[in-house]
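Next, two complexes with chain A in common: one pairs it with chain B, the other with chain C.
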Partner chain A sequence: MSALLEIEDLRVTFRTRYGEVTALDSVSMHVNEGETLGVVGESGCGKSITALSVMGLIPSPPGKIAGGSIRLNGEELTTASPARLRAMRGPDAAMIFQEPMTSLNPVFTVGDQIAEAIMLHQKVDKAQALKDAVALLDRVGIPSPETRAKDYPHQLSGGMRQRVMIAMAVSCRPKVLIADEPTTALDVTVQAQIFDLLNEIQRDFGVAIILITHDMGAISEMADRVAVMYAGRVIEDASADDVLDYPQHPYARGLIDCIPALGRDDHRLAEIPGVVPPLHLLGQGCAFADRCAFKQDRCTREKPLLGSHGHHPVACHGIEEARL
Partner chain B sequence: MNTSYILRRLFYGLLLMLGVVVLNFLLIRLAPGDPAVVIAGEMGGATEEMLESIREEYGLNKPVLTQLGIYIANVAQFDLGESFFFNQPVTTLIGHRIGPTILLVITAQLLSIVLGVFLGVIAARKPNGPMSAFVSVFATIGYAVPVFWTGIMLIILFASVVPIFPVEGMQSVKLRDAGFFVKALDVLHHLILPAFTLAIIYLAQYARLSRASMLEVLGSDYIRTARAKGASEGSVLFKHALRNAALPILTVAGLQFGNLISGALLVETVFNWPGMGRLAFDSILRRDYPTIMGVLFFASFMVVVANILTDLSYRLADPRLRGR
Partner chain C sequence: MSVLMDVRDLTVRFALPKPSFFAERPHLEAVRQVSFQLEAGKALGIVGESGSGKTTTAMAAIRLTKAAGGQVLFEGDDLLELDDEAMRQRRRDVQLIFQDPYSSLNPRARVVDIVREPMDLMEIGTPEERHAKVEELFALVGLRPDQLNLFPHQFSGGQRQRISIARALTTNPKLLVCDEPVSALDVAIQAQILNLLAELKEKLGLSYLFISHDLGVVRHVCDEVAVMYLGKIVESGPTSALFEAPQHPYTQALLSAAPSLARRKSKGYVRPLKVSGDPPSPINPPPGCAFAERCPRAQDVCRKTPPDLVPGAGTAVACHYPGPADTI
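Presenting the complex of A and B:
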């Protein structure tokens, strides 16, 4: 089966006061129909930039797609016209964001905002679109949807607003739904509800989901496959079970070790020493080298490429040599 | 929007008007000079006996507080007294002149808001583009140049260089017997220069303000959401962004209304526009107290009404303020 969404060697650069900075460097990943791909990594590693590239929403200037390709259903998106991209946003790919508090327009009712998404892509009148919007609100579990549709965003709680965002995102039955840290701003019980809802939506609508998160718990609950990103590159790409049970890359191992486990008598939570280097200071070698306990000479000279070194694709000289 | 809020707002407006009446009265009485002498002068010379009879007639010999009491009681019945100079009720005088002033002020207000906001929005679209630079330069110049100077320059330009606009008055004498439509067009033709002169400073301000406000709004999450659902650039700018960016513009526009009225005084004088400003100017020179107070009263009244309307429209525009 060919992939629904294929990202290949994607390179995105940003013009900054430090000169041109490469935010994404030869990023490749794919999502199959109906599956969930988890994208994990710490803040600034390029998860959201990858998502915005797919949507054609990289702020430009200063950002631009400098190379590679993004194919959705076989259609190349990096060279698509703005009009084509607009038509694609909604029916083909949709996105929900991290901040439900600020992602809805404060001066329009939620019903209107969902109806607008519907009317942008379907030939229906306002009355019908509003009816559909109410049905969608009902579908995402908002009680008394007829009244709620007339509410403004500030009258809803964070969890409700994220439900509205989900309703808006699925209103045009997208093939891919990108969820960029959809629960980060919500409290824990609401997080679980939102993940349940996303699972239901996936089942009912058959939509593929790209779940961007740094929450490994969410990955184990939601994802079929996982791409681990670090400093603008994918460093490990495998099934969720493999990444969670047999993480290969030292960074991925570090991430898994950071998960506090119930019943384990840890005195201290494990951490990965150091911080992600600023993108404009990335050198020749592996971006993780300075934080890596297994650093070799080669790591500071040469960038490791994502390759199958045994278990599953990983970008690490250490693993590569161990498997030789 | 609830009725109790509107009623409360109207009540405060009334209190404010009472304050204005008292202040006007006291300020004018504090000014040096004896109005009886002035009135007598207009009648052509005065003996002490005549002055006394004038004081008697106009109540000028009563204690100030008594005069104030009488004045407030009269104002409450819309009796603003008689003009010393015209020997006509002040309300009649103002009644003849308030129309042209309102026409001028409202036109200038609309012109500056519509044009200014449009320029600001266009400039915000490309904050580093040439249009943005033009708006900044134009705004600085427009803001720095005094109204009467702009007026005189425009008169010179359109009276001698390109005589396409009338530079004086409100109507052409030769069209006295023309039909309503022709007359209306004639007034419009006369209106262009004074309205533009009055508008230019505010136009510059609104352009700057809406550029800044739009830039801020365009960076917000809900704009990204609008783009993510496939909204067109025009819809993003003029629907999603402008509705939010309009809130500070609305506030400033309401507050500026008072300045616009005092600006009208200068513009009316320069262009010989038969409005209240011209009347105020002449009355001050003639020390025609009742008329000055009448003009001040009506000008304050217009400002108070404008502020109440601003307040209410602010609530209409921003749903978050309703119900408070």
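Presenting the complex of A and C:
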């Protein structure tokens, strides 16, 4: 079976005052129909840029897709026209963002905003679109949806707003739903509700989900497969169980060990020393080398490639050599 | 162990806008009769969702927000009764670390001046002694001496939080109030700061009032935990008892809502306990238990009578029907 969404060797650059900076460097990942891919990493590692590239939303200039391909259902998106991308957003791919208050328009009712998306992509009149919007609000678990559809975003709680975003995103039955840190702004009990809702939506609509998060706990509960990113590259790519139980890359292992997990009473947390290097200062070698306890000479000279060295694909010279 | 801070029936009210000119001004009770004790050298965690009153409780306890009632005994003195000068002197014993290290450091000041400022204000030591103290604290929190003359924007988030910690330690405080000190940081950096806080507690014998919404973090750092919901403590007790045998359904819901590495999608996990909806508004709190609307155990009495916080075997619980999670 071929993948629903395939990203191959994607390279995205941004013009900055430090010169041209490579934000994504040969990023490859894929999502199969109906599964959830978790993309995990620290701020600035390129998670959101990957998502925006798929949606054709990289601000250009200063950004541009400098190479590689993104294929959705076999269709190349990197060379698609703006009109085609506009038609694609909604029925093919949809996205929900971190802060629902800033992604909703404050001067229109939520019902109108959902209906607008429906009317853009389906040949229905306003009355029918509004009816569909109410049905969608009901579907995402908003109580008394007829009344709520007439509310403005500021009248809803954070969790309700994120439900509205999800209703809007699934209104055109997308094949891929990208959720970019959908619960970061929400409380933990509401986060649990949104996660459960996303899983339900996936079951009912068969939509593939790309969940972008920095939380390995969220990955564990939501993802079938995981791509771990660091400084604009994918450094480990495998099933969620493989990454969580047998993390290969020292960074992936660090991300899991440094969580003060419930039900684990470590006296001292494992920590990853230092910080992510700024993208314009990346050298020849592995971007993680300076923070890595297993650094060798080769790591500072040569970028490791994502290759299968034993258990599952990982980009690390140390793992590679241990398997030789 | 001696009790450092004993908070009794602390209440905070905020005024709301008048609905009309002649109407009486309505009030919102953000913190309702909260009592807790913090032992010297220990860390007390306050957990809850946004709007539950965690920060307001801590701010009122150290008199940065005006309390409407109650007592805060700090080494025997009631902080709420002290006159301004006595309170100013007391402030050197109580320092703060904030959530956002980007907005809590003055962007126009060099970090050496930022860290020294509390000593200047409190007139502690000679200028040379102050400078030596800043250098000592820099080393203590893991910053290099050559970074002394830089500006805040030249540091990463984790380093800025180290600067905030150094600044808080200049007056040799006994109590450090940490308001979500790691929630603005990346996970890998969180671990660095949490380890630093644990080290400092050990080395300097500090006490922490630690506010967080992250249960994992609280479990790691704190000796005692109080769970707040709509301005009240619903359950409190030793960390191990609260996490291993929570009695209040809200505590249980919080624990089951936190994303956990132990629950796997591949294994078809089912969240053991779900709560629906959002917390009620503190402007018009329900007459009974505030959690009743979302509670799987709620009976008629819960909607009418608010439960009191009653000490039990492990934790103290404010619930008409407390018990282990599996009895629901």
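Basically, the second predicted complex is superposed on the first by the 323 of 324 C-alpha atoms of A that agree within 3 Å, B and C clash if a C-alpha of one lies under 4 Å from a C-alpha of the other, contacts with A are read in each partner's own complex, and residues count from 1 in each chain.
The criterion applied here is as follows: a contact is a pair of C-beta atoms (placed from the backbone, for glycine too) under 8 Å apart; a residue touches a chain by one contact, two chains touch by 3 or more.
Treat the numbers as computed from the prediction; the structure is a model and nothing was measured.
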Should A:86 be classified as contacting the first partner (chain B), the second (chain C), both, or neither?
first
Would you check which partner chain A:190 touches, where first means chain B only, second means chain C only, and both and neither mean what they say?
second
Once the shared chain is lined up, is A:139 touching chain B (first), chain C (second), both, or neither of them?
neither
Output check: A:57 vs chain B and chain C. Expected answer is one of first, second, both, neither. What do you get?
first
Looking at A:47 after the superposition, I want to know if it touches chain B, chain C, both of them or none. Which is it: first, second, both, neither?
neither
Is A:148 touching anything from chain B or chain C once the two structures are fitted on A? First, second, both or neither.
neither
More residues of chain A are touched by which partner: chain B or chain C?
C
Chain A touches which residues of chain B in the complex?
220-222, 224-233, 240, 243-244, 317-320
Under the touch definition given earlier, write down the residues of chain A that touch chain C in their complex.
36, 42-43, 157, 159-160, 187-193, 195-196, 199, 214-218, 220-224, 239-241, 244, 254-256, 258-263, 265-273, 275-276
Please output the residues of chain C touching chain A within their complex, sorted ascending.
49-50, 156, 158-159, 186-192, 194-195, 198, 213-217, 219-221, 243, 253-266, 269, 271, 274-276, 278
Applying the document's contact rule, which stretches of chain A touch chain B when the two form their complex?
55, 57, 82, 86-90, 94-95, 97, 99, 102-109, 116-117, 120-121, 152, 154, 165, 168-169
